[in-house]
Amino acid sequence: MMIDLILLSVLLIMVIWTVMAIRLVRSAVGLALTSVVLSILMFRLNASLAAVFELSVCAGLISVIFITTISFTRRMSKSDFKTRRRQRLSKFWPLPLIIIAAAILLFWRHFPSEVIFIRVPAENVRDVLWNTRHIDLFGQVLVLLAGAFGVVALFKENKK
Amino acid sequence: MFSLLVLVPFLILVAVNLSKKVAPNVACSLTALATLAQAGFVVSLPGTLLKTNNVIFTWLPDFKLAIDEFSIVVLAAIGIVAFVACCVARSTINDPGQRATFMNLLLVALIGMNTTVMLRDIFSIYLFVETIAIISFVLISIDRGRLALEGAFKYLMLSAFATILMLSSIALMLLFSPTLELSGLAEAMSVYPNPILIKLSIGLFLCGLFIKSGLFPFHWWLPDAYSAAHSAASVLLAGIITKVVGVYVLMRLSLSIFGESLHIQAMVMAVGALSIITGAVLAMTQKNFKRMLAYSSISQVGYIILATGVGTPFAFAAAAFHFFNHATFKSLLFVNAASVEKRLGTMDMREMGGLSNRMPATGITSLVGFLSTAGLPPFSGFWSKFMIVLALWAAGKYFYAAFALLASILTLGYMLILQRNVFFGKLKDGLGGVKEVGPGLVIPQLVLAAIIVLVGVCFPFVLNKFIFPVQSIFLK
Amino acid sequence: MNVSLFGLFSVFVILLFIAGTYSILVTFNLIRALIGIEILIKAVTLLIILAGYLTGNLGLAQAIAITLIVIEVVFMVVAGGIVLSIFRHHGTIDTRNLRDLKG
Amino acid sequence: MSILILPIFIPLVAAVLILATRGKPRGLKEALTLVATAATLAISVQLFGKEISFILPWIGHGIDLSLRLDRFSGFIVLFASLFAFLTALYSVVSMRGKDHPKQFYFYLLIILVCTNAAVLANNLIFMLFFWEGILLAIFGMIAIGNKNAFKTATKAFIIVGISDLCMMGGLAITGYLASTLTISQIHLELTPLASIAFVLLMIGAIAKGGSMPFHSWIPSAATDAPLPFMALMPAALEKLLGIYFLSRITLEMFKLSAGSWISITMMTIGAATIILAVMMALVQKEYKRLLSYHAISQVGYMILGIGTCVPAGIIGGIFHMVNNALYKSCLFFTAGSVEKQAGTTDLERLGGLWKQMPITFACFVITALSISGVPPFNGFFSKELIYDGALERGKIFYLAALIGSFFTAASFLKLGHAAFCGKASQENRRVKEAPLGMLVPMAVIAFLCILFGVYNQLPIEKFIQPILGHARLEGHNFSGFPANAWLTLTTIVVLIAALIHHLIAAKAAGSGLKASEHIHHAPVLGTIYQAAERKWFDPYEVGMKVVHIASLLLMAIDRIIDWLYDGFLAGTAFLASRALALLQTGNYVVYIVWSLVSAAVALAFMVK
């Protein structure tokens, strides 16, 4: 319970850092770290396969995508950076305050005090994926196809 | 047999992409044939379907898909609109590479939509809806114009929020249901003791669907995306994609899990009525042809949602009928817009006028679409709106019935403005050299106009063969 | 025990939602908006896994989470492509350029 | 498919074919019309006497294409087809050289289609559909007449349209009360609501028949519309249809007793129509106009007869409907012959035609004797039955009918005297007999008039008594001479009185035409006639005047309402549109905020 609380707090701090970081690259790195903390939480919740996916795909692949995208766009100059820092502080300082206020409010109200869960016998995730939900696998294939054609449509003749 | 609906487009997709020699036009023709075949196949179904009662079928073990009378109406609409989009793409997208990509995306979207219609699992439905949404982002920005990208990005942001709402709802559903299959879910809902959690989960999913289908206080992305998209993409998007990912799913879920609570029905009906009125009012002052059609689309979808909210079998059948009619007449109007855009190169209605003299086929078919949208007899739109009003009246929703009737006056109003500004009235100076578009655009217009007129004239046949059977879903 | 675990996690999930939404609403940077969406999706993933853990239905929850991650990647790739295309048109990734469609 | 659909289908196909013809093969339209009407006639002869019903599902929910043939409808279809055929035959000659032949034949066939369908229909909605179809055909048919025709057509359209609206209301109430739309299943008690329904339906029926106060378009149409139309519609088919429907609602759909106020109302309408219309007829100086007022007057007898609600009266009413259709269409045919040959129907310019047009004259004499009720022609027997029925209900109605009979005889004596006897004017010397195609229909009808008179057992026993059935007849047989010899005697006295009156008046006035002048200029009647000539008693014209004044008065209010719609409502809508469009700022952040706020509101509403 305590460890969960600590991990969740770290997750929240990572997220706040991600949001408030001034350089985009740092934001992307923050996002990757958020993913890492999230996958640790998933391990704690016995969801090992999902945690592995989270670690490899989200922390790895998505960070790569973001950093690539960022690198295509124009880099900030030094003077830009300084003005941007002032702007960002003026814009983002309410966020931690809001988060703290919301947290106090929610814990104080004993948010959701009573929720009843319907427990079901455990099933192996591989069985679920391969035996009862292969329509989802078909959907994943379709999503990947869509992504592939999307990349073709969006990047193909950019060199022109 | 039904798996062909998924397999055939998939095989075409594979065949087209495997060999590099296949010209985009061949892909076009193949897709057009497949979609036409789909429409024909589906329309020939009802008799056999009722006889054999072969509703649920499996592909691989447990690969559960199901078809019922409602799916048939939707599948027919998908086939028709996809065919039309195919024709429009062929004559409006000039770059062969882009055309090939469009065809690929169209095929993936077709597979996605066909599967969505047959699915009975809420997460799988979400998955395919999301797939189609991703395809729509790309379709909107297919020619990478400045405005098209803007529209695509706005759709992307709003769609992301819809995704988050729907996923939160699914997470809440996991708390009280061992399965996400619709029937199992409904069963779990009926025994679960905490109504707030159930209502919260349903409400979150509904709000996501409202965003996806572009209903009034959630509609913001829709006019921007429709008006900025490439004309072929806007036909596909306005004609069927938004309707399947938003409206169809809403209707399907209303059958099993939304239908219970009066609160939810009241809310759905209120949103539908709001969409009707605001869509129509907003359409009146538009200057952009496609934008006006987009607002009109919001208004018409409002009718479908209003009828869905009633919750009686007759109202649901009326909604399904309006679904089909809306798909046909709205795509007809968008094809008209595509024709005008191809000849004039602009969508600004202030630069148009009297085009009917120069483009007779476009002008006349647009008149058919306009009359059907406004709900004038004997076109198809009249019958479905009439059924909706009847259903509202029969269910005791007198206010909404009167409201739906009065709102069609507004529809008539903005449609008259559109016709006067674009097709009729005096020919604008400098438009003397405009010619009718080629057969690639005239044929889909004629096909759609013929469908609208035929459905309107043969209404009793259509009603008995396709629409009334939809009511039987309630009994199953 | 379980109830309070759910309470703890759900409060943090809500806080994550607030953070992500806030960042999307306030920023003028397209990529930062995408990062906000990422945060939201992460929060939802956590909620799904939590629900699976609490009900013992972890198989289903994990299957959903994995599918979700795949969607997330494709979504981000396409979104990145659109952002890059916008960058090619405007030379910046400022959201204030995206206000031409209105009315 | 049932044979029952053929009387509707054959003329319909022919009508569509006629629309498709170009002017090229001359006579094609005429041939098509003749063949179609002849075929319809042959089929209706086949159908007569059978009892068939036929249902084709259409929309469902009680609205089906449902047809029913019984003794009554078979009989009406038979006569409708007969008149359509004869009119078509007559028109082939009479319409030669006139404008719009294509439209004329098209409308003729459509009228036949609608009449047959409305008569055979066993479903109220289905019947109404064709009933309205007749309205449109009437409008079209009148509108292709002379210069004034369009105005007259509009008048007819509005008058008949208003009565049809009443009928629609009546049908709605009936359907609601009976909770079925199938005519053969409706048998309603006369509750207050059912009485309202009955009155509304009755208005529709008698207006179609041309009774007062829905008559005023008929005299106008007489001068403006093509002549065969007058012989077909107001003279024959409209009477058949209107009286058919009146009998249906009286005999079958509502349980009407002889003492009810509805019965009295109907009889009063009938009696008033008889007298008022015949008085108008008496002073007319135009052949067709005179006939058209008689067409109105005669319908009064039928309504009076059916309104009595006693067997003799009802049988008399229905028999009179057939007889009237026969002799009135023949009279219009003679008018057409005279018009075609002499070039005018103005009685002041006609005279002495009997030498030149002997056959026409013979037909005229037979039919005029019939309409005046001279034994042994058919009109005599039907009128006697109506007198019998009226006498049973009240002497006043009998008296009214008798007075009507007197003036009818008087006006036909005047008409015959003025048109055919007397001295032939200079211009009439070279007039020849009408061509064969026009003579044959007249001769056939004149023959039928004699046949139905001398051998009246045939129509009464074969056609009419089966309609009522044995139960209602109470064992009586109404054919042959009336049982009450006093009735016959009174009638003959009245007829002789009319003859004497005419002879004296004609001698005093110096010509047959002016035989009615003393009535025309009698102290009180004179002013009434003057008012009538200024159309003060024409509800349509009066209505139009009122509407005109009212429209002037309402102009100001109209402007305000116009501003409300045009300026205010449209303005509000446009303003709302602009205001809502302001929300669409183009900034997606605003969109997201709006969406989330609306989602929050929706969730709060739902979870509440």
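Just so it is clear, A, B, C and D label the chains in written order, and each chain counts residues from 1 on its own.
What we mean here is this: contacts are C-beta pairs under 8 Å (C-beta built on N, C-alpha and C of every residue); 3 or more make two chains touch, one makes a residue touch a chain.
Note that the coordinates shown come from a computational prediction; the quantities given were computed from them, not determined experimentally.
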Contact-graph separation of chain B and chain D, given in steps at minimum: 1
Chain B-chain C separation of Cα centroids, rounded to whole Å: 27
Separation of mean Cα positions, chain D and chain C [Å, integer]: 78
Chain centre separation in whole Å, for chain B relative to chain A (CA means): 33
Cα-centroid distance, chain A relative to chain D, in whole angstrom: 84
Multi-partner residues of chain C (each touching 2 or more other chains): 24, 50, 52, 54-55, 57, 60-61, 67, 71, 74, 78, 82-83, 85, 88, 98, 100-103
Residues within chain D bordering two or more other chains: 581, 584, 586, 588, 592, 596
Per-residue overlap in chain A, given as positions that touch at least 2 other chains: 114-115, 117-118, 120, 133, 136, 139-140, 143, 146-147, 150, 154
Chains touching one another, given as label pairs in label order: A-B, A-C, B-C, B-D, C-D
Chain C to chain B touching residues, read off their complex: 17, 24, 30, 33, 37, 40-41, 44, 47-48, 50-52, 54-55, 57, 60-61, 64, 67-68, 71, 74-75, 78-79, 82-83, 85-86, 88-90, 97-98, 100-103
Touching residues on chain B, where the partner in the complex is chain D: 153-154, 157-158, 161, 165, 196, 199-200, 202-204, 206-207, 210-211, 217-218, 220-221, 223-224, 261, 263-264, 267, 271, 278, 281-285, 410, 413, 460, 463-464
For the chain C and chain A complex, residues of the former touching the latter: 2-12, 14-16, 18-20, 22-23, 26-27, 29, 31-32, 34-36, 38-39, 42, 45-46, 49-50, 52-63, 65-67, 69-74, 76-78, 80-85, 87-88, 91-93
Chain C partner contacts - residues on chain B that touch it in the complex: 123, 127, 130-131, 134, 137-138, 141, 144, 146-147, 149-154, 156-157, 160-161, 163-164, 167-168, 170-172, 174-175, 178-180, 223-224, 227-228, 286-287, 291
Chain C-touching residues of chain A, taken from the complex the two chains share: 1, 4-5, 8, 11-12, 15-16, 18-19, 24, 27-28, 31, 34-35, 38, 41-42, 45-47, 49-50, 53-54, 57-58, 61-62, 65-66, 68-70, 72-74, 91-92, 94-95, 98-99, 102-103, 106-107, 110-115, 117-125, 127-129, 133, 136, 139-140, 143-144, 146-147, 150-151, 154-155, 158
